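A quick write-up on the structure given underneath.
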Amino acid sequence: MMRIPAKVNQAAAATVMALATLLTLAVLIFIVVFILEKGLPILSRTFLFSVPRDMGKAGGIFPTILATIILPLLAIALALPLGVGTAIYLTEYTRESRLTRIIRFGNDCLAGIPSIIFGLFGFLFFVTLLEMGWSLLSGGLTLALMILPTIIRTSEEAIKSVPTSYREVSFSLGATRWRTIQRVVLPNALPGILTGVMLGIGRSIGETAALIFTAGSSLRLPQSLFDSSRTMSVHFYILAREGLSTENAYGTAAVLILSVLSVNAVAYYLMHRYMKKNA
Amino acid sequence: MKAKFTLSRFSAYYGSHRALQQIDLLIPTRRILGIIGPAGSGKTTFLRSLNRLNDLTAGFRRQGEVRLDGEDIYGAEFDPIALRRRVGMLFALPIALPMSIYENVVYGPRMQGINTRSQLDQLVESSLRAAFLWDEVKDRLKSSGLRLSGGQQQRLCLARVLALNPEVILLDEPTSGLDPISTAKIEDALTMLKEQYTIVLVTNNTMQAGRVADATAFFFMGELIEHDETKKIFTNPAQQRTLEYVTGRFG
Amino acid sequence: MKSHNLREKGVQYLLTALAFSALFGLLLIALFILKEGLPFLTQVGLKDFIFAHDWEPQSGKFGIYPMIIASLWVTFGAMLIGAPLGIACAVFLTEFVPRPVMHTIKPMIELLAGIPSVIYGFIGVIVLAPLIRTHLGGPGLSLLAASIILGIMILPTIISISTDAINAVPNSYREGSRALGATRWQTVYMVVLKAARSGIISGVILGMGRAIGETMAVIMVAGNAVKVPGTALDSVRTLTANIALEMGYAVGLHRSALFATGVVLFIFIMLLNTLASAFVKQEIRRR
């Protein structure tokens, strides 16, 4: 049998991989372009800023935009202190031990739980047991739990990347541990932490399964955190699945994709600038 | 001569590795003590034991005692935070904290509760002057400390230590990363400063100890080999190993 | 003077308490799902639940065997598409193109990781399912459609993690191999991929977890018929889809059965996570 020359082998491998990369990019870009092409023409000031009529078949999507802003912010407000606190504890207050391994394992497990399970839990615990009902609050709490692992992990990375020498200088100047964290560690870890925040917001905007059972699907303008409200993702799902209005579904999808992409772009920009600074 | 620090039978360990063995040493007040010795001889561990910065290192243990003005700094009653305010430290690499020049200098004082603007302004000026940096930065106190050159940053670090108004200043090879001109500026500052402060200078540059230290201690493999007046160490040391080191035959 | 000690202690206790929040959340979730599913499991028994073929809640038949098989096939299919494509993409970007090209394409792919799953599902319904229906036959909404959509969905995850793992391989390995006369591809194949293995595997496992747990996209494209699929063109219903589809109106034993489905899903995910962390641990020990 003839041996295939190494050069030919390499050329073949490179070609296959190049095609795989092109295919991947093409598919992902196709999805975005497809949605924007059909959705952007639908967008208008009335579509964005008026309330829906006839279950969303007509009218705009203003309440869903509002819910899509409130819910992620609520989730961040709850998850940020917990997540950054955990990250500080893991990096600054304890050394690697059985306990930290358990905490990290628990965090990894939480990260792996499917959103539908979060939805079930949120329904049982916040909606039913704590009697919050289908509401922005129930949804926000559920989302907070869901994005907590992301916040913890990115904050931990960010805090770890603050040079040890900064801490030593601070201690040598008579600072306490907490003071060092406040004045030196956290300010320098901030861009990294913000990256986690943006990723968490991005995930919250795109979430559907966990919210249907917790925030509900009311189309009215929410008056308080105890009102039910549907986000753009949920609205899009209902429109598309029940075939209510393809036109409005495309319009909603376009706004949804634009928001997620811009939030992720900010996250990426922060991360990139941060890494450059630390290089 | 009054002793500032008194070490008796002081040993330090990182895990099972013994970094310092049974050190007995007096560090006199308002003089410069130079510490010399090859890399890995325990100089830095020794220095970081004096302000308890080693406490932060995983696996650090120690035996014996270190007394500051007669008080055991490793005693249960002794507060390491208060200790570090009395014993300032300058590191090998100039590490300006990523904040303005002004904020770098007032970092320590703010924590001691000094908060009035005029007091802080005054402190910044006097500290920067004492570190020979004032004229170079007086017009840009609000700009980032990271924008200064290496030599300027090290003098900023010195000013930051001086602003603590400490009793002792520890220096860990403070000029190892600097050019000869910056080194000379730091050395000039040290000679002025010993009027007011007790100074312990770890240096990998043996000649530097010869130039500025009043007394010199030679460390080797975690042991204190010899400690005497600098002139004696450099001209007529008691130990053969000291002679070989200062004349450059090993190390 | 010592007031700072008091504050330090207080902060430390507070942070210690916060550090348990994720673990506490996890336990709470496990506890509540289990509590709700347990009455059903004790009444019907786990074995009958898992191995029975019929799901007819109105006549009291609760068998999730078809759904378990569907979930496994859909996940397997997604891996079959996502893993080779993703790893090939990562290798190409790290080893075969100039750095600046990688630094433009990788962010693009990571940006696209944020596309909501409902949109993937929608594309599946509008574009993919009709294609399958006309060219391959069947209802279109099928195991195949779900596998392809999920395979695409997990691509960014696999690419991002694999790229990081490959980038973390020290350059000296590559130089050593090239110095011995290996070609670039031989070096990648024999040295780089071996060294980056644990990172790549954990990326694949993460993608797998995402695929098995995905709900909305799958509901939209899988067709949702409760039966053991005969071919890839058959309509299927996954565990997650089953919960989401019927939760809205289920009561009594039916509702409890859905939570029990959640318990089974939960167990799958925990097994995957344990597997993933075992891989990472093993790799660390080897170093």
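Chains here go by letter, A, B and C, matching the order in which they are written, and residues are numbered from 1 within each.
To be clear about the criterion, contacts are C-beta pairs under 8 Å (C-beta built on N, C-alpha and C of every residue); 3 or more make two chains touch, one makes a residue touch a chain.
Since the model is a prediction, treat every value here as computed from it, not as a measurement.
K.L.:
Most central chain by CA mean?
P.N.:
A
K.L.:
What are the two chains with the most C-beta pairs touching?
P.N.:
Greatest count of contact pairs is found between chains A-C.
K.L.:
Quick one: which chain's Cα centre is the longest way from subunit C's?
P.N.:
B
K.L.:
Measure off the straight-line distance from the CA centroid of subunit A to the CA centroid of subunit C, and report it in whole Å.
P.N.:
16
K.L.:
Any idea how many Å lie between the Cα centroids of subunit B and subunit C?
P.N.:
From the centre of subunit B to the centre of subunit C is 55 Å.
K.L.:
Roughly how far is subunit A from subunit B, going centre to centre by Cα mean, in whole Å?
P.N.:
Distance between chain centres, rounded to whole Å: 48 Å.
K.L.:
Give the residues of subunit C that touch two or more other chains, as numbers and ranges in rising order.
P.N.:
4
K.L.:
Note the residues in subunit B that touch 2 or more other chains, in rising order.
P.N.:
Within subunit B, residues 81-82 contact more than one other chain.
K.L.:
Which subunit A residues reach two or more other chains?
P.N.:
Subunit A, residues with two or more chain partners: 176, 179.
K.L.:
What part of subunit A is in contact with subunit C in the complex they form?
P.N.:
The touching residues are 6-7, 9-10, 13-14, 16-18, 20-21, 23-25, 27-29, 31-32, 34-35, 81-82, 85-86, 88-90, 93, 102-103, 105-110, 112-121, 123-125, 145, 148-149, 152, 176-179, 202-203, 205-209, 212-213, 233, 236-237, 240-241, 249, 253, 256-257, 260-261, 263-265, 268, 272.
K.L.:
So in the complex, which bits of subunit A are touching subunit B?
P.N.:
95, 163, 165-176, 179, 183-184, 187-188
K.L.:
What residues on subunit C touch subunit A, complex-wise?
P.N.:
4, 7-8, 11-12, 14-16, 18-23, 25-29, 32-33, 36, 84-86, 88-89, 91-93, 96, 105, 107-123, 125, 127, 152, 155-156, 159, 183-186, 188-189, 206, 209, 212-216, 219-220, 240, 243-244, 247, 259, 262, 265-266, 269-270, 272-273, 276-277
K.L.:
Which positions of subunit B touch subunit A when the two form their complex?
P.N.:
Residues in contact with subunit A: 51, 53, 56, 58, 81-82, 84-85, 88-89, 91, 93, 95, 97-99, 107-108, 111-112, 157, 160-161, 164.
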